[in-house]
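Listed after this line are the structures, all set down as structure tokens.
One chain, chain A, links the two complexes that follow: it is found with chain B in the first and with chain C in the second.
== the complex of A and B ==
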């Protein structure tokens, strides 16, 4: 998307990524310092607390004393392995996704005995656990400062993004607490678990959208029509599911149908951009206008009179046996709508597709240097068609996540510009699936926070409009390259002709 | 080829042009596609018609007549509601009176007054498009300009000329700052202007929601987020209020025409305009030729924002006289499509906006009048299809097997694409 030209060599890239790690580290450290300062000046009478814990119904398997030690030791071992794999990448290599999985399992295992020791589990039932916020804030601040300083000193590239994202989320939370310090509202609770669970589900459609953008732009086509694909996907899915009363497998087909309609819009974009070489951004915006008009027409002309065509039960919530019992992380990650799992699997699948298959290699090469691909006999336009239609399909499923997923009915304008936010997330995630996953979670968090904390902060100093504006402000910061320099695919948005 | 065209008779020349991919033909084809598609939508979504098609084999003739009549009636209502009401014309011809004249002119006045701010907004976006920048933040900049103008309008109380000039200046400054913000980010960090302006839209809408409940803007005693009404001296004068008080058509239309000429002058005659066009065609070449692309980016977006702010001012001072939470609603997006429809040419934008005004005005009349209450968003579907076809003429050319025009339309197409 940017026009600057830079020569990419391996050395150059390493320098860039190490420089980025330093920038991330410094940012994290600054967050830490701010947090410490804020918590230091916290109002002494402040009752703000953070509530950890699960849904009260979640019970947790009991562990006897010896087993607790063993489990904790196992967790520490796994954490050590992941730490070595992160820092000593050359000598001890685990695949990136493997490291992530090991890390998650380690955290999960460690939380189990720790929470038992902390008497969270009384009568086999998880009780929520409240801590004074300034203590947590101070701890977070110190941790951020240490982690950021260490990162800036050692310049580890691999853990940099994760550290920054975590620090950013913690920063936003402490910021809100700090803002609330002057108020006299007593017993202000931040229900962390439900907030995080909400952010994961809010991130679902963003994950689909940003994956769609990633695939398309990796092949060199700007898919600005994600918003439109969301709309048609959302509408078609809910109509199909309602027509069958959400019976049996029909919801699965409804989601797929949403995808098909998204793919239809994607192929429209593909034909216009590839066959007729029209400007991709213009075509995308016009497709959004078309989708918006047609969904508005159909919803007021058809759905208004046939309410039974516009109601669907939510998709089943699937609690992963065992894992969903983990405090905090369990309800957040493993007790969610089925579509959330689909989204995460889709991230993994797209990553494999782009980086481990021949098709993916070709798509990426077509997005970087189409003339070279064409020279070795790869059809640029065929690769781009495939990528854009697949992207449309994924975005359509993301549309279904607006309606069929949570079981809400379609209303005009419900996509709320998330299609464009998804594009920003794609940039934030550096055109990589895992980056898109992390950035989606971050944005999901800000969305959940702005939706959720309005309740808490309605009578506080900060107007709710400014909290609602947070995702948009972060988006601007993201695309303005506040988090380091970004390099889009070289041929992004440039039509290709063989001559 | 062009010499032979010069010597042929006019009628033949027109006939030769029919299969040619000139603007008129593309537009004609686009509108016919839109009308067919809209007709199909009506047929599939009107319960009366779907029921009638269920009994197609028992009354084929009746079904087809009913369908055609319903579809025709909907389109006729769009036309009568936006251009000329046949009944009112008839009455006026038989009995000339101010009242009858007012009924006669109402549809046309509605169309033009809806189109007025849209013309200016479309011009603003066209400035961005022609220099290769896709300013999607129309809504935010319109709101910014409108808020500034409203503030001036209800705070000060000067003579109308001073007051309106002040409003214009305030609106242009705020809109220009909002646009220029995106321009600075684009120029210095490479942030894509589409995303930045889109996000500014959302932020500005939220800020407006906040300001409208603050004492600075809020109308005392009203809690639904309406701003104070601007002073009468700050309102744009109405042309037709002496005929009927319900007839709205204000002085803003003159501003709009001035803006069209101004934009034309800017692109055809001014140095900055030339630089913007050069950057739009080929930024690298422009850089090589010594044009400061960074500066040009900022100037373009600031200018576009300023013009959009002006259109917000015209909406406030001319039509609404206050700010409501839905202010600027779909104007920003409509302006994009208007600019694309007019292919970024000032007069194209002018007529594109009038087309949009007609569709909006007529669409609402259609919804109110047709017995099946066909929703007015049908007009938006038609607009979207027409814009789609006009923005990508290659599709139409292939569908209708049109010839390449004698004077290369490709040059135009490139200009629009850039």
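== the complex of A and C ==
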């Protein structure tokens, strides 16, 4: 009835987000001050060990002098290209992701010979670094203070939420160390490389899940059933792979089958939400309940008695030749399970799909203002069906990443609520594929951290559940809108009818 | 394009929206379709655009009968539609909006944005539109958004443009610019159907005028053969009084004093920027302005529906600041409110008329006793109000949603006036009403003024503001540009609505 025509200028919106950036900066700075205060009184007996390249498999080959020069030259060349691409990217219409990738590889390549030259490499294994805990704490505190102060001063919109998130993790860590002061704890043993590598692999299923959510919500359908799609994907994939004894190509088909079952659940959601215009959130929750029940039934009635149906070998780990040997970055990014690469490629593919293709333009339009799409002859329900089924397929593959990826057997409850975390990640990533990638990595880091710290924490009075709850606490913070200016697709979750 | 509609009939259940409607649009003609709300203009155009299927009748394009099943068909036949509520996606760029549905693709499935931008730049230059293809829609002024909408139709090679109430959201200056554009399109041989209920515009630009009433064609005429009074008579079916009857105002003391009011809208942007004004007993202060310049937020703040950042609202005889007070306190202090959107904020559509009539007095001892609601008193009250305010309903127990727009508005005003009022705030009091109901609302508003109530009306219809207001405050971008007497020319008020400061003609603050 009411015509809500609003005069919104970019300036107005920017003013709001700049105000928020300042608030985030101040918060970060306060974290920093608290950390400095705490670390000033830390018991001096504690040590932090930070190991680079803890994977012994990442021993580095000796390079001859000539090769070092060549590698360094290549790194400089790439760095130059990335600099040009950054400044001139607009003119040549280069995708930003390409520029970013070139820059990361350039840095990594440059690090390689430099680290060799610095004699970090002892006997082919990177030396670990032991520093007193309070020094680390103080450094983190000062860094938080500086970063927070700078953010509050410059009031950048972009990166404000990421800064706050990083500061929050650091803050919680230093808080734990502070709590541990004076107690008989041997020290914090951080294996940096394995921690990061674990983050990336933990982020894999989250990437698939949040991509699924992104596609669905871009089309205007809330897919809260990702958790359920994870479950059926995980179970069907492991059963298929075991049935063929994990032989050869069967694992590829197992992953695809997981996707197909996810897509099946997606189409169920689509029919209920689009044809019968049921409330999408309720249908989604019901689908999760259904998937949960059926997987529990099958695992107690079938898999329990036929163990041979519930064992698969892990998908191969693929080390990218050359790149996987780069210190720290190599094992983290280029020495991973095949599904990790699939996930990253999927992010790139979905981004292209949404922003470069006709299908993507139409999907985004029906998620924003379906009536406008309908008046130019775009079928709203057809676009939404497509998006929801594709989203289900991707979530199903994400489910397979729980089982046939790392080679675990299916156990009921293994999805652990990650399907809901994926939705938070989608919000955190502002309904964009690359945002989802970045947010997945951050959440993956939190998960890896909580897994890593359990050993440390078991020596403490604090229950380890506290740190296990970290990813979920951050999920709540993300959903509560602690992520800067977020704007969901305007028609998200609203059924469309012509009248 | 020559368009002919022959005997179009379309009914929804027992309601006949179009009955045997026929009209012909010649190439290069601006054909105005005039009629009250509910006369069937929109239904007819939706039939033409394939959104609705007619029960009978046929559509002929250049003499050939065609069937139009959906909007896609209409677009393919060269029919372009500019909807009243723009069919643009606010977060998309101009380019994305224009090409949606007909994207240049090369190689499949990638959209060829470069080609699209070239196409839009060319089109925009050819018609002198001055539109940046890369701009995001929500950052463009309404007038430009409308041009994008026209551009969209033209890019689909439309030969016939249908514009549905195109001037409703424009400032007078923007409306003039639109009329210039339409004239130049006409010279290029495009046919235009212009739907409106504003008589002044019709006489200005139409070549042919067709008047619809109650779903039937009443007659066709040309501007040379007719005048505003005749058109109004054709439209309503009886002679109407276009001028509001009112005696000169006899303003008393200041009743409501608003000082430095600052209000934020939903996203946290400041929507009302330090607004101050006084309202006297026995006068009508009309607040004019293009929609979305803070009027809605101002009214919501005054009636307690929205928080106030800072500033004060002082009601004489009420102890304390009403800014940010609870709605209940504000109502008890004697402020009546006819909200902008009566269906969402004025009524509970699924409740019976009788309950809607006492919605603000549910706990009043008259209607609520120790053991529950006094149903008989409520029914009695409803009977009286229905007679007094001439509410056309089958009975007090009927759902409010079943009433027509005008009668719904009568229920709202009847309820508000059943309390002792000091201030009456009416937001868009006649939006979407037929001429008869408009007359009625205007009479009620003037009667309240004469009963020494301080009245504030907010309206985006300049005619209404000029007809009713004793003083006119013009809002732009959250500020009051000036408060002027109703004798001020339309052009000057139009300029103020577009943001030009007008201190020279501003009346001194009383």
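Quick note on the criterion: the second predicted complex is superposed on the first by the 350 of 499 C-alpha atoms of A that agree within 3 Å, B and C clash if a C-alpha of one lies under 4 Å from a C-alpha of the other, contacts with A are read in each partner's own complex, and residues count from 1 in each chain.
To be clear about the criterion, a contact is a pair of C-beta atoms (placed from the backbone, for glycine too) under 8 Å apart; a residue touches a chain by one contact, two chains touch by 3 or more.
The model shown is predicted, which means the values in this text are computed figures rather than measured ones.
In the superposition on chain A, contact of A:70 is made with neither chain B nor chain C.
Of the two partner chains, neither chain B nor chain C is touched by A:146.
Shared-chain residue A:468: touches chain B; no touch with chain C. Within the superposed three-chain model, A:362 lies in touch with chain C and out of touch with chain B [touch as defined at top].
In the superposition on chain A, A:373 makes contact with chain C only, not with chain B. By the touch criterion stated above, A:424 is placed in contact with chain B alone, chain C being left untouched. Applying the stated contact rule after C-alpha superposition, one finds that A:282 touches chain B and leaves chain C untouched. 1-4 are the residues of chain A that lie in the contact sets of both chain B and chain C, per the superposition on chain A. Across the complex, chain C is touched by residues 1-10, 12-13, 15-16, 356-359, 361-362, 364-365, 368-369, 371-378, 487, 490, 498 of chain A. Chain contact summary for the complex, chain B toward chain A: residues 41, 45-47, 134, 136, 185, 189-192, 194-196, 198-203, 206-207, 209-210, 283-284, 333, 336-337, 340, 374-375, 377-378, 380-381, 383-385, 387-388, 391-392, 394-395, 416-418. The touching residues of chain C, when paired with chain A in their complex, are 49, 51, 70-72, 75, 81, 83-85, 87-92, 96-97, 99-103, 105, 109-111, 138-139, 141-142, 152, 156, 168-169, 267-269, 290-293, 340-344, 432, 477. Every residue of chain A that touches chain B in the complex is listed here, in rising order: 1-4, 224, 272, 275-279, 281-283, 285-287, 289-290, 292-294, 296-298, 300-302, 305, 417, 420, 423-424, 427, 463, 465-466, 468-469, 472-473, 475-476, 479-481.
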